[in-house]
Structure formats: structure tokens, C-alpha cells
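Just below sit the structures, each encoded as C-alpha cells.
Two complexes follow with chain A in common, the first pairing it with chain B and the second with chain C.
Moving on, here comes the complex of A and B:
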């Protein structure tokens, strides 16, 4: 039995990997500007037309890479939160963590950007934006954790997350009210979620931050599995709960924060993807789930990005809208099914 | 350590909680011991501090004073990574995990033995299979934990504890919420672990009957102090009776069991034999009658080819009944003097 389960897990990884590769190529092929496929491939190896090379190397490739990183990071962040809070509906957006990251970004864009000479090519700006977003995300995580230690009821914790999110959006509205037109425009465009606005330098910054978060998450695979059995069991087998919690907090905040900083709020990816992965691999083992969620998340966001470019002729649907359309049915299915992870909701 | 050696000892232990730095002891001066290969039942009323004591034994909670000695070493001097190799703990919390297979839950018991990824070696897999086998779960190993019965889920937790491969297994109410056959099968499983695997199993329970019949030793919390002894010792010296004293209960020393006390309806004579006599007497007792061969009112039970018959004599009229139910419904509340 165990052997057969291993084979089906390996097969699922293989199929997901192939699908991801296929969508990655498709994402580079499709864009708002028409380019011949042959030109795209030649450009990738530095032998295309000048026009093609600029589009592919400066825009499409960074965008596809961003989609992969953002999908992986956001989804793992959601997985960590669901296990940590033992709540199938936990996720960066539902718990207000994305809003927290957004507040960090809003503070940067709407108040500090004139001071720091806002420039999208300045790598320092990239790091400062990420640090602000991660700090915002982390602050909300700490508040939610403090609340959930006192309130056992899942529903209450979720409602508090939603309250926090609205409180934060009020603060952001206030900031918007006092900011000038160009800052406001930058901010509003950011809120729509965009995978294609990153410079190659920013992509590298995002990659570095996300990799750090993903490696931290992977280091916690064993305690994450113990947490499935509850905190008492975890402690009884020697898990250092304080250290584990700090590591998971930091990891989830870095992942959600860095993606939100550069790509805007990618709605519903963090909450929906872990469930899709659990269904695909039919396991709760984080040794499989963490890499599985990375692949699934990257695939789903690549798909969303392709869909967002489908209208063609220079029109692009905000990617946030597409991820919501994919994610919300999954969330509805969890609530209706009530039994993902078996929690009565 | 060999069978019969004291594997766990408490020395003047006080357990309880700290409220804003002030100690709130639940139980003080606890001096208990458990031996290798022994089944120990911890019994006591609700709120007497059973869970607090068990959590302190496994270092999930620090003692207020005194200490716990495990295999001759003070628990607070044992490294937090080594302790889970010596003692395992199963709590009363409702089953936390979901959407996870029985085998995966049991494999989590290998936690203290596996590497940083939790990968299972051949030795780990062998321990998991053995734990599944001993607990009779092999056929359910690939079932989802949400699709098995409460008793099977409790067995899964015991298997997990067994897979942890510790000499001491501490379990908080492993038989709670289970029906009678499941309760019995769990306790006989625990007993089997002590006999066949030489484990020391310490479990708390409200199931006095099973504990008195199956445990080698009982730790009895009566709210003020905690006593220890063979079940029979505690019956003989009446400490069991004292611990659960209640105006509603009567204790039978010969059985070591409690039963409800009924207001007396009077005395009655019973003439019957075998199991029919036993059961009729039981029903009469339930209705508050004391059996006295010299009583005026008399029941004569006889078996016929078609079943049993009960006849009441000595009353106003003589009546015949075909079931005990009919019989007791026709008994007068106040028997004639």
C-alpha cells in the first residue's frame, strides 16, 4: 500500500511539473503585443529581433518568473497559516495579513515615497518596500495569534481577521485622503495586483526574499506534521513550540509580505491552493504538501496570468480579478463541504 | 530496568498552576511509584487534579515543588529531546487531526526517533507496523481517521504512543466517551502491553469497575490526599469507599463496586435457583426490596417447559407472572407487615 501511494505521489509531482513547464512557456508566448512564437524562442536565446528581445527579456520572462514565485510563496504562506491556526479557512487575505502587508506598502508609497525619491529601478526601494510589507504582515500575524490563543472558536478568529482588514483599509483610506494624485495613482494600480510591473532587479529581490521564506518553511516540515496532532502532542514529543511558532510566523509573513509588496494583493491564492494540493495528493504530510503547494500555486498563478492576457489587443484583466474567480469557488466548496480538515465551520 | 523495578517515582511532588506568580496547588505531597510491566489506574472524582498530575509526570507542566524521577533520574535533568524517548503522553483533547490516515498518525509517534524531515527508516516502518499489529489496526491502516469509530480512533492514539517506543506510557482518560465493549477492549489492550511488552502504563479513568478488575495498582485521589495500592487493598482499607462517598451510593466490598442506594420498600422472600434467582434478586433490589427468607411476602420462581414463571404468595391474592417486568410492576410499594 505504501509503495503504491508513493508512486501516485511521484506521478502527481511529475504531471504538475510538466503542466507548470507548459504554462510557463505559454505565458511567455501570450501577451498584449503580438509576437511570433519563433521570434519569442529566438529572443530567449539572444538571437531574436531587437523588438522581440526587449519584450521577452524585459517584460514577459520577468512576468512569468514573478508569477511562479508569487504563486509558490503566497500558497505556502496559506498552508503554514492553515496548519498553525488549525483552520481550513486561514489564509493571508482572510486573516488580514495581506491587508497588513498592504498597510506597510501604503505607508511607503503614500507617505515616505517623496522622501526616498520613489523610483522603480532603485533596488533599495525594492528591499524597503518588502521590509515594510513583511513588517505589516507580521504585525497582523502577531495580533491574530494572540487572539486565537484566547478565543478557540474558528469563526470568531476569522471575524476578527476581517475586522482587522477593514480597520486597516480605513487607515489606508485616510492616508489616501492626504496624499497627492501621483502617489494615489501608484497606490491604486498596486491594489489591482500586477505581475508585470517588476524590473529584473525587483524580480531578483523578490526571488531572494521568497526563497528565504520557502527554505524556512521547509525546515519546519517535521514540526508542522506534529502540529496536525495538536499542541499537546507536539510538546510531548519534544517540539519547541515557541521556536516553531516564531519560525512559522516569520516564514509566513515574509512570503505573504514580499509577494504583496511587489505584486499587490493576490486574492484567494493563499487560502485556495493548499486545499487543491491536499486534494491532488490526498495527504496531510507536509513533506509532500510544501513542495506540492509550491508547484500548484505556481501553476494556478501562471494560469491566472495567461487568462488575464486573453482579451488581447493591449487589454489586460487585473490578475487579482482572475485569482478571485478561481479561488472563491474553492473557498465556497470548503465551506459547503465543511469537512476539509474535518473542522465544523 | 527489569520487570518490577520502580521506573517512575514522585518525591514530595506538588502539582498545580501558577496564577500571577502565586502558586495554586491542586494536590500536594504526592509520593507515588509505578513499576516496569505494571498497569496503573489513576482514579478520582472530577476536578480532583488527575490531568494536572499526569501532565506534570510527563513534564508538560512544571511541578510547584518536589520532583518526578524517571528511571532513576530527576525529570528536570533530562534533556527535552531525550524525554520523549522515555515517556509518551496521550491527552483527552478531542482528536485534533483530520483528513489523515491511521498509518500516518501512528507514524507521527516516531517523531523523537526520526531526522529533521521526519523521514521513516526501515526501523521506523517496522515499529509502526508492529504498533498497528498489536493494537489490531493493520486492516484499518490506510483508512482516513475521520472514517473510523471512536474506539478505533482511541486505539490509533494508543498505537501512536506505542510506536514512540517508550517504556512509560501515560494516558489521560483513554476510555472516555467509549461504549462498554470498546472500553473493555482498550483496557485489556493496555494490560496486554504491560504483560507482553513490559511497558509501564499509567492511565486515568472514571471507569471504576474495569480499573478494580484489571489494574495492578491504583492511584486514588480523594481530594485531600492520594493513596496507592492494589485494588483489593483499597477496597479492604475502605479508602475506595471513602473517596467516592455519596448518600446516593452503596459500596459492595466483596465486588469492589458501587451501586445506587434505593429507599427501602421492605422485605421479601425469594425461592428460586441459578441465574433466575440472581436476576430476580437484582430486580427486587432495584425496587428497594431486601431479600429475607422469613418475610411474609414471598416470590416463588420456577422454570417450566415454555419459560419461567413467578408467583407471589403471602399477599392479598396469589398472582402469576411470565416476566420480571410484570412481576415488579405488580409488587406493592408498601409490603404488608
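Moving on, here comes the complex of A and C:
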């Protein structure tokens, strides 16, 4: 039996990997401007027209790479939170990372915009919004970790996290209330998520931060599996709960925080992808789930990015709306199907 | 572009708007070949009473009409107008919600009527600025954040507002209930620069300075039309013009029937998105605008950038556009106050002829030797 299960897991990995590769190529082929497939491939190898090379190497490739990183990082962050809190509805939002980043951005836009007349092009863009988002997410992360070190019951931490996120949302609403149209527009566009605006240096920084978070997640696979049996069990098998919590919080925050800082709050991915992955692999073993979630998350975000360019004629839909509008029905369909067969998630 | 049925419908409405109002009491401005008519208001005079109708004072509406009856101060109020919006003219105490209103009043030498302003930071006019700085003219707040008590205590004859959506009317409803007379102005929705300037007529009626208003409109439209006509004759090649700047990865492209695009055509340029006809700016992906922008010879109005470095910092890819490398990038923020007020959006509304001359001198420097633009600066 175990052998057959291993084969099915390996097969799922293989299919997911191939799908990911296929979508990655498709994402580079399909853009909002028309470019022949042959020109795209030539451009990838430095043989294309000057225009084609700029479009492929500076628009589509960084965007596709960002989609893969963002999908993987947000999904793993969600998986860690779901296991730690033993709650299927947990996700990176529980950490207050998204709302913290939003607060940083909102503060930046509101407090500094009168100085620079905030609109589309100004000195505040580029790194400044990223730094603001990082600072906001980091501050919230530190608060949650401090609480978690003092509070024994994980459910209390969850409640405090949710309350903190609500409080931050209220502050952001207040800031929005006092801001003018162009500030609101800047903020709203940030909240819609954006994969295509990163410079090569920013992609590298995002990759480095996410890789750190992912390596930390892989190092926690054993405690994660123990946590599935409850904290008491984990302690009995020698898991240092305090250290594990801090490691999981740090890893999840780095993953979600860096993605949110660079791409805006990507809705839904963190909560939904771990569920899709558990169903695909029919397992709760984190040795399988962590890499599985990385592949599934990257695939889902790539697919969303392809769909967002589908309207044609140079128009795009914000990727955040695509992930929610397409992803949620898919998850509902999977959950409904599984529940009818008498299985719980 | 795949336009939805609704977009086509709205576009059709906007385009047909000009025809509809010439049938009414059109305020025609003779511009030689074609006549320009402000699309969003009509004036009807019956004895001492002027009836001003504002048509569709905000975007995405097609059947909203606001009617104001302008009565001399001493005239008895006729019974038939008891339930109507009556404005006693000339107005003496005005609250302005937009800097264009200040420019209109300023052009008519009626700045003294201003008792309150929404968004004082955005004011450019040095005279008004000093009144703001010395606390004579207060800031009344904006949108849903209006200081209604302050407005009422200023005891204004009139509050001139502008509407972005029906919601704008809603947040001013309370003020009307508190006894403040509110009038909507839709100059910013006019697509022709001369039509915007023509709103001076409404302000002329309000301040009792109709003659000044008419003479300004006449002079400005003559100067505009003469320049546009001579450019049409003299210009040999029309440089392709890129307009605006992206917000992150989205570029809201103004349609060819917009104010800015119209100025480009009249100034002897060729707008990159001449084929785009919609009521509002349309979101395009950076990738697609970038592809088209490689043909651009001149880049105008790149957001609030004041240097080429600002553009490079916002998106490094924009620095690879040939137009960026050629350095022919100009922004309309040559006259900006430290707090952010940009005169292009203020006095520019009553000087479309100067804006046109500025733009023509950027597109065809050979025709304007020694001319230095008023509202535009080159980015370095």
C-alpha cells in the first residue's frame, strides 16, 4: 500500500511539475501585446528583435518569475499557519502581515503625499512603497511573536492576531477617509496586487527573501507533522513549542511579508492552495505538503496571470481579482465533491 | 480594443452631446472652420432672469439636468420659482471646491468674492495663497470630509462644486438642507479646451461681469483658432505623442476625445492612441503601452515627474523608450507651488491658447524660435 501511495505522490509531483513548466512557457508566450511565438523564443536566447527582447526579458520573464515566487511563498505561508493554528481558515492574513503592510503603505501615501503631490510618477514609487510595506508587516510580525511568546494557548494567539488585523484595517480606513482621490487611487491600485512592476534587482531581493522563508519552512517539517497531533503530543515527542512557534511565525511572515511588500496583498492564495494541495496528494504529511504547496501555489498564480492578460487589446485585469474569482469556485467545487464522498478536508 | 456594448453606448452618447446642445441655446464660439460649443451648459435669458442648465454634471450619466435661476438681488422672487434653486446675483460670498473656479473668478477680477476654498494646498495663485496663509480664506475640507459647520458659518451666497459621481451630489445634499446654495460646475468634463474656457460665461453671469467674460472668451478663442489654423497649414511632419504615466503596472490611457489629446492634435502632433474613443481613460497594461510608445517622438505630462530620474525610478523600463533617450519629455508642472498647487490646472483653464502655444513649441520648436513655454518644463 505504502509503495502504491508513494508512486501516486511521485506521479502527482511529476504532473504538477510539468503543468508548472507548461504554464510558465504559456505565461511568457501570452501577453497583452501580440508577439509571435518564434520571436518570443528567439528573444529568450538573445536572438530576437530589440523590441521583442525588451518585451520578453523585461516584461514577461520577470513577471512570470515573480508569479512563481509569489505563488509558492504565499501558499507555504498559509500552510504553516493552518497547521500551527490547527484551523483550516488560517492564512497569512491571520498574522496581520497583509494588513500591516497595507498600514505601512497607507501611512506612506498619506503622510508623504502632500510633500510630493502623490500621483502616478513620483519619487515615492519604486523602493519606497516596498520599504513602507516591509516596515508595516515587520512591526505587526514582532507584535504577534511577542504575544505568542507570552501566551500559552495557540487559540488565544489566533484571536489576538485576528483582532489586531481588524484594528489595523480600521486605522487604514481612517487614513483612507482623510485622503484625496489620487491618494486613494494609489492605495487601491496597490491593494489589487501587481506582479509585473518589479525590476530585476527587486526580483532578486524577493527571491532571496522567499528562499530564506522556504528553507526555514523545510527545516520545520518534523515539528509540523507533530503539531497535527496537537501541542501536548508535540511536547511529549520532544518538540520545543516556543522555538517552533517562533520559527514558524518568522518563516511565514518573511514569506508573506516579502511577497506583499513587492506585489501587494495577493488574496486567497494563502488560504486556498494548501487545501487544494492536501486534496491532490491525499496526505497531511508535510514532507510532501511543503514541496506540493510550492508547486501548486506557483501553478495557480501563473494560471491567474495568464487569465489576467486574456481580455486582449492591451488590457489586463488585476491579478488579485482573478485569483479570487477563478480560485474560489474551484475550491468550492473540490470541497463539495470531496464532502459528498464522505471525506473531510 | 474590444469595447463592451456599454462602452460603445457611453462613447456614442458623449460624441452626440455636441449636436444635441447646439439645438438648445448653444453658446457658440466661432472658430473659423468649425464652431465650438460648451457641451454641458446652456443659458436662457428671460427679462432679468437667467436660467442656467447644467447637463450631466458628472461622469457616466446621461439624463441629469440641474437648473439654476439667476435673479438680480433686488428683484422680488416670483412665486413660480419658490421651489427652485435660485441664486441672487451678483454673488458676493463664494465657496469654491475647485481651483478652476478660482481661475475663472480671478480672470473676471472677482477674487474678492472668495470666502472659502476646498483643498487650499492645491491653490497656485500667489494673491489667493497670501490670503490663505494669513488665515483670511479657510480650507473647508473636501468630499465626504467637508467642514459643514464652517461652510455655514462663512454665510456664503453660493458654493460652487464639481461632481465626480452622483455620490458627490449626495454629500452636498446636507449643505443644501442647511440653507447653502450649491451649484455644480462641469467645466472639467468638457472635451474641447475652448469649451472649458467658455464656462467663464456662467461665472460672468454669477458675478455680473458678463461683458468681461465675453471679451476674454472672444480673445482666447480667436488666438487659439488662429494658432491652430496656421499650425495646420505650416506643420509638415506630426510627431507621435505619448501622454501620461503608469500607476504601477497599469497605464490609464486618455482617449482621443479627451481634452489633452485634442490639444495634441491642434498643436500639430499625432496622439499615439488616436484610435481610442471612450468617455473615460482606459486601463492598459504597461507592456502594451510600452510597445506603442516606442514610436513616440515626444512624451507629455508624465504624472508628477519633475526629472527624467523620477521616471526611471518609477519604472526602469520606461527609460529604454527612444523618446526618453532623446530627452523630448515635457511636463505641465513648470508653475507649481511648494504645497502642490499647479497653475496648469488653475489659470490654464482660462488660457487654452497659451497651453496650445506651449505644446506647439514643444512639438515644432523650429516654428517658435526663442519662445519659452509658460506651463511646461523639460525634464532633465
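Note that the second predicted complex is superposed on the first by the 246 of 345 C-alpha atoms of A that agree within 3 Å, B and C clash if a C-alpha of one lies under 4 Å from a C-alpha of the other, contacts with A are read in each partner's own complex, and residues count from 1 in each chain.
In this section, contacts are C-beta pairs under 8 Å (C-beta built on N, C-alpha and C of every residue); 3 or more make two chains touch, one makes a residue touch a chain.
Here the structure is a predicted model, which is why all the values come from computation and not from measurement.
In the overlay built on the shared chain, the residue A:267 is in contact with neither chain B nor chain C.
In the superposition on chain A, A:222 makes contact with chain B only, not with chain C. Contacts of A:287 after superposition: chain B is touched, whereas chain C is not reached. Among chain B and chain C, the chain that touches a larger number of residues in chain A is C. By the touch criterion defined above, A:178 lies against chain C but remains apart from chain B after alignment on the C-alpha atoms of chain A. With both structures placed on the common chain, the touch criterion links A:278 to chain B but leaves chain C unconnected. Contact with chain B, but none with chain C, is seen for A:235 once the two complexes are overlaid on the shared chain. In the superposed model, A:59 makes contact with chain C only, not with chain B.
With the contact threshold set out at the top, not one residue of chain A is in contact with chain B in one structure and with chain C in the other. Residues 1-2, 5, 86, 219, 221-222, 225-226, 228-230, 232-233, 235-240, 278, 283-285, 287, 339-343 of chain A are the ones touching chain B in the complex.
The residues of chain A lying in touch with chain C in their complex are 31-33, 51, 54-55, 58-60, 114, 116-123, 125-126, 177-178, 180-181, 185-186, 189-190, 194-197, 199, 309, 311-316, 318. Chain C makes touch with chain A in their complex at residues 1-2, 119, 121, 142-145, 164, 244-250, 282-292, 294, 302-305, 310-311, 313-317, 320, 336, 339-340, 342. By the touch criterion given at the top, residues 58, 60, 80-81, 83-84, 88-89, 91, 93, 96-100, 103-105, 108-109, 111-112, 114, 116-119, 125, 141-142, 146, 160, 164 of chain B touch chain A in their complex.
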